[in-house]
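Consider the two complexes below, in which subunit A is the common component and subunit B and subunit C are the respective partners.
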Partner chain A sequence: MLVYTVRRVLGAIPVLFLASVLTFVLIDVSGDPLSDLRMQQPPPDPSVIELQEERLYLDRSMPERYWLWMTGIGGNGDIGLLQGEFGPSTQSATYDIGENIAERLGVTLRLVTAAMVFALGLAVLSGVISAMRQYSKLDYTLTFVGFLALAMPTFWFAGIMQQAGVGFNELVGSQVFATIGDGTYQAQGLDAWGRFTNALAYMTLPTIVLMLTSFAAWSRYQRTSMLEVLNSDYVRLARAKGLPNRVVIRRHALRTALIPLTTVVAVGMAGIIDGTVLTERVFQWRGLGEFFIAAVEANDSFALMAWLMLSGTAVIVANLIADLLYGVLDPRIRFE
Partner chain B sequence: MSENKAPTASPRTDAESVGGAERTQLQMITRRFLRHRPAMISLVLLGVITLAAFLGPYVWTWDHLVHREIPPSVPPNADHPFGTTTAGHDVLGQLMRGTQQTLKVAFTVSVLGTVVGSLWGATAGYYGGRVDALMMRVVDVFMIVPLLVMVAAIAGSVRGGTTWYAVALIIAMFSWAQIARVVRGVVLSLREQEFVEAARAAGASPGWIIVRHLLPNAAGPIIVAATLLVAVAILLEAGMSFLNFGIQLPDISLGQMIGEARTAASTRPWLFYPPGVLLVIICLTINFIGDGLRDALDPRQTMGRR
Partner chain C sequence: MHKRRKLLALGAAGASAMMVLTACSGGGGEETEGEREVTWVINSIPAAWASISSAGGSVYTIQTLSGVLPYTGQWQPDGTYEYNMDVLAEEPTLINDDLDEGPFQYSFTLADDAVWSDGEPMTGEDIRVSVMMSASPDAGYCTTCDSRGGTTADMVEEMEVDGKTITFTLKEGLADAEWMSQVDAHSTGGGFYPAHLAEENGWDVDDPDELGEYFTWLHETRPEWSGGPYMITDGDLENQVVKEPNPEWWGEAPQLDRIIMPFNTDESTFVNAINNGEIDGANPAQYSGDVMQELEGLPQVTLSVGEGNIWEHVDLNLENEWLEDTELRRAIFTAIDRDDIANRNFGAGYPEYELKNNHIFGNDSPHFTDVISDSGQGSGDTDAAIEILEEAGYELDGDTLMLDGEQVGPLRLRATDTQTRSTSLQLIQAHLAEIGIEAEIEVIDDLGGVLAEQDYDIIQFGWSGTPYFTTSPEQYWHSESGSNFGKLSNEEIDELVEAVGGASSQEEAAEYANEAASLVVDEAYVLPIMHEPNYFFVNDRVANIEDNLQSSYRATYNIGEWALAE
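Take a look at the complex of A and B:
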């Protein structure tokens, strides 16, 4: 198991490296970080542009810039991913990319974790119920809801939920759901219970939005794999032995039927990250989504690289965890 | 994306293919598809929407641009059935243009992504071994970057406005990997079969075998994946337009319309809801069509009656 884990981690390194090259090159060729400065009217002094070019390492060739970005060797000490420096930002001379990410990570992580936990729980539940009552009204309803959720643009649904939250607040005459902001500032100075209720008010709507797509996809998978298991010989045997239905479902069928889901969840990570950007935008959370949008708008290539490396690593780690979970859920699988 | 593979309950497990030994495979597939009611309804609905979007502008008075004669911020009425924007657009005109652009992007992405993905996946699967390992590593790279974000990052830094084909190209560049994965899986099992062996013995080149033998036999999964890619592309395009990194004003897409109306959902709901509903209907119909195609093309149903 340990050997397997180590080998998987080592195997992820070239993929991450390739991804970094790909994104670096694409971001580099797609835009000029100084285009806003160059277009300025009246035109800025050439020395200003030169100074910026030097600060952002634009006076070097692209391969050299990549090398600097990765290792920091030969830079001004403000660059070098391997040394924990993400590079200078175009947004301002004092904008620290690493610091900003660290500040916002918690906000986004809170949203992602909550959404994933609820989406998974509900998906397993609805998938199993759907499979056990195949072709019933309930099954059809859940299927249709799933299809609808998959066809729904996240940000549009987010807008609707926001409207619904505002409407609900007006109806009951009190601020039950917070529809704007992430609540970080409002939580300052509150006790534990106050913090919890505050977070609940702010998180409910965005969490529902973010979990919707994942829930829909995962419950479909869970239904399929549950159906497959329910028709297998060993479940029939367990039934024939006269085991109570509850035991058959829980101990025999569900355990096996959960295995395919782990992979699907891991692959879905990238989609969830996409979802956070849209959800945070609508609900105006100061999380990594906002960091990303600001980086694109400012043509801040080093900030974008930092963001993409972080999300890429998250996806890879999720895949690794999924593979390891495979072994826990299914003793038939052995890691050589 | 990940949700592609989830098969849905076909309302009936059909036994309609009894008899008719003379029928060709294509006829059987068509028959099965025609009997899939949700898919058929979806096909008709999608056809109607497409026709309306592309032919409607020839009939309707207003296009998607600002006109001085259009009164600003008017709710739906006889002159403007979907109301008008603050700037003085006719929303119906915008909806038709927006649907057009959205569909154009989606179908272009689907075609490009499918061609590249199938060739890539089939080549990897056919050669296997080191070639396969290397090629699939590249696919892995594309699978770990969050698509929407990557696409938005690239499009956001393209200056001077992104046109619909630029958006389509950028999305296609990132969305072929899923298809490659599907096709590789199918080809891996196909390449061990006798007809490939026979072709190889007859001296066929690898390129010929891939294009003439492997890809046609993988047509079923490829068609289904291509269909679902349309829906994926629509949601991607909508997402990036919403973030304002996609198609730029004065041109318009459905996602951009929602983005523009984001803050007006309560004050001018006619700007916010119609483009969203239209997007949902389009994606929903495409998913149902994909579902119907999957049922119709399922090799498990065809095998016994070749």
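Take a look at the complex of A and C:
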């Protein structure tokens, strides 16, 4: 497995390299990072623009800038991915891209982890129940809910959830749910229980929104997978041998039915990180999604590159984990 | 039976959890009993802790520093100018404005009891260092300060500091009709910064490299200092800042115990948040009819809307082969119906809108003169436009305007993709079709690049204006100006706009500016439409608060006076 893993990691390097070249070129031709500065009132002195061009390496050619971004050789010590520097930001001279990503990663992971856990738990439960009660009213209801969730635009659903939260608060006469922010500042000085309820108040609504799409897709996978397993010979044999239904489902059918879902979930995790872009915006969480939007708005090419490389790496790592887990869950698969 | 018991247990657990949550609210915006707290939204993320630089120079940074930065005066909501007599010992003195008698000179003297939050007295040195950091790199004070301003600071030849007093001497031959703006609320820095902290950190402010280090430090470091009624006690540049009263503040004591300023970039969240008690108000930089409509329906909220400082205008590229002809340009501007554009964009949310009839001065300015109405430009008078064209030798062949047997245009009509501008472009396209001109709409995402490369025939964009005006005419219309994107070239206008910058009084400068604006109308170069409205909303629990559309500080301009309603 170690050799397989190393081989996959090495294989990912050229993929990431090509992706980085492509995205760098696309970002570079997409606009002038200093357009806002040039439009300022009164217009800045030309020497100020020159200073910014120099700081952002805009006085170099595109290939040279890519080389600098990748290696840092010839730069001012603030650039070079291989040296752990993501480059200067257009957002301000003091904006540290690496530091920001590190801070925001924690915020996003908090949201993503909660959404993943709930989405997965509910998807497995719903998928299994749907499969076991195929074509029943319950199955139709869960199917309807799943498709509804799949069809619902995130920003719209987020707005609905915020309104529902406010409505609930008004109903009970207390601020149970918060609609904006991640609650970090409000948690200061609270005891453990206070921090827990504070986190719950701030996390509930965005978590529901973020988990919805994943839950919908995963529950459909789980239902299909479970149906396939329930109709297989070994499950029929287990039943014929007189094993209780609960044991057949839990010990035999469910484990096998989880295998395809594992792949989908691992890959979907990277998708959830991308999905935070809208959710974080609506709920005003300063996570990686908000980082991405801010970078786009500021035409911040190096910050965008950092986000895209992180996102790309997450997809590759998630795929690798999926493949490894697949082998762990299904002993018939060997890593060669 | 067994199943039912399980369901009941589950329901009971859920209900208990809800009751616990209901009792132990974790939501934001709640205040400790007896504390007077206001939560005021800043509509974007400030990029830095100081506003002198190009990157930090946004209204969001300015508002983040409200109540912290001291300044010498500011324009009030009603358009009058007031000196800050908490900070100043007396009104600033104009020592000499007659250039025949010597250089232009003026001075500021700070109040005796004006101190920073660490107890250090404010002195002329604070102003000197702030002006040095605000000047362009070419001024030689600082090697790495990327000031966003420089215009006023660059005029300075010498600054003489005598304790609380600083005297400015301008370079030979230069006058500044707006000299009082040097370190006021509208200046490059939004006020002035402490000088003694540079020394405390070991930097010599007279060394250009070390002043640059201090400049960077101010931008990177959350201010633990204050020269105003509040000081920042918590927060960061990503989420929010928390302000509490400055214990060393010598003026009237602020009435709030805490002001929390969260950075909220999504206006669509405002309605829910104010309903939920998470925020008390905001003064967004963008107009949003939908949000305003929702806010209007909230009984506990006061909403106001007025002319903001960004004004929309249509510009022509005078180097286009067709638009070189002044008569064609006049006909185009006459055919465009400004009222139609303004009404469709803002009529529903702001029916009191007024069209902008002077490029430099707002309709309520004492210097305002209507330079547009008599020209008929922007009136949408198709018949008058066709008459202009026919007199100039153009003719309509069916629906197509022709000159010497050749079709005029098509012309490229461009703007960035905002809702307002999209609507506007479609209307202009229709107005021009009425006089036989085909206009092709092309949306852009790089306004700066398009303008710099003159990659348009007709373009709509916005300029931001302030009550200060003396640098604008030269910037807009001088043939040598980098911001004269459509390449207007008129010697008479050049002379007038130079005279605006060199005038020693505002009245004299305004006279030249109005003359120049009239000539620009004759040239049919820029057609002002209107100031984009800005809105402000506040929960009725907050008192002594109003929007100030003259200032980047907006509603926070009098933050020291905010209180809770009785």
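What we mean here is this: the second predicted complex is superposed on the first by the 329 of 336 C-alpha atoms of A that agree within 3 Å, B and C clash if a C-alpha of one lies under 4 Å from a C-alpha of the other, contacts with A are read in each partner's own complex, and residues count from 1 in each chain.
Just so it is clear, a residue touches a chain if its C-beta (ideal position, glycine included) is under 8 Å from a C-beta of that chain, and two chains touch if they have at least 3 such contacts.
Quick caveat, the model's predicted, so the values are computed rather than measured.
In the superposition on chain A, A:L37 contacts subunit C only, with no contact to subunit B.
In the superposition on chain A, A:S232 makes contact with neither subunit B nor subunit C. Shared-chain residue A:R286: touches subunit C; no touch with subunit B. In the overlay built on the shared chain, the residue A:A178 is in contact with subunit C alone; subunit B does not reach it. With both structures placed on the common chain, the touch criterion links A:V315 to subunit B but leaves subunit C unconnected. Looking at the shared chain after the overlay, A:L22 reaches subunit B, while subunit C stays out of its contact range. Contact with both subunit B and subunit C is seen for A:G159 once the two complexes are overlaid on the shared chain.
When the shared chain is aligned, subunit C comes close enough to touch A:A199, but subunit B does not. When the shared chain is aligned, no partner comes close enough to touch A:T71: not subunit B, not subunit C.
Of the residues of subunit A, those at positions 30-32, 35, 159, 162-163, 166, 281-282, 293 touch subunit B in one of the two structures and subunit C in the other. For subunit C in complex with subunit A, the residues that touch the partner chain are 18, 20-30, 45, 47-48, 53-57, 136-138, 144, 146-151, 154, 216, 219-220, 234-235, 238-240, 242, 260, 262, 264-266, 268-269, 272-273, 275-279, 445-449, 451-452, 463-465, 471-472, 475, 482-483.
Of all residues in subunit B, only 1-3, 5-9, 137-138, 140-141, 143-150, 152-154, 156-159, 231, 235, 238-239, 242-243, 245, 255, 258-259, 262, 265-266, 272, 276, 279-284, 287-288 touch subunit A in the complex they form. Residues of subunit A that touch subunit C in their complex: 30-32, 34-48, 51-52, 55, 90-95, 100, 103, 159, 162-163, 165-166, 169-170, 172, 174-186, 188, 193-194, 197-202, 281-284, 286, 290, 293-294. Taken together, the subunit A residues at the contact with subunit B in this complex read 14-16, 18-19, 22-23, 26-27, 30-32, 35, 134-135, 139-140, 143, 146-148, 150-156, 159-160, 162-163, 166, 213, 216-217, 220-221, 223-224, 264, 267-268, 270-271, 273-274, 277-278, 281-282, 292-293, 295-297, 299, 304, 307-308, 311-312, 315-316.
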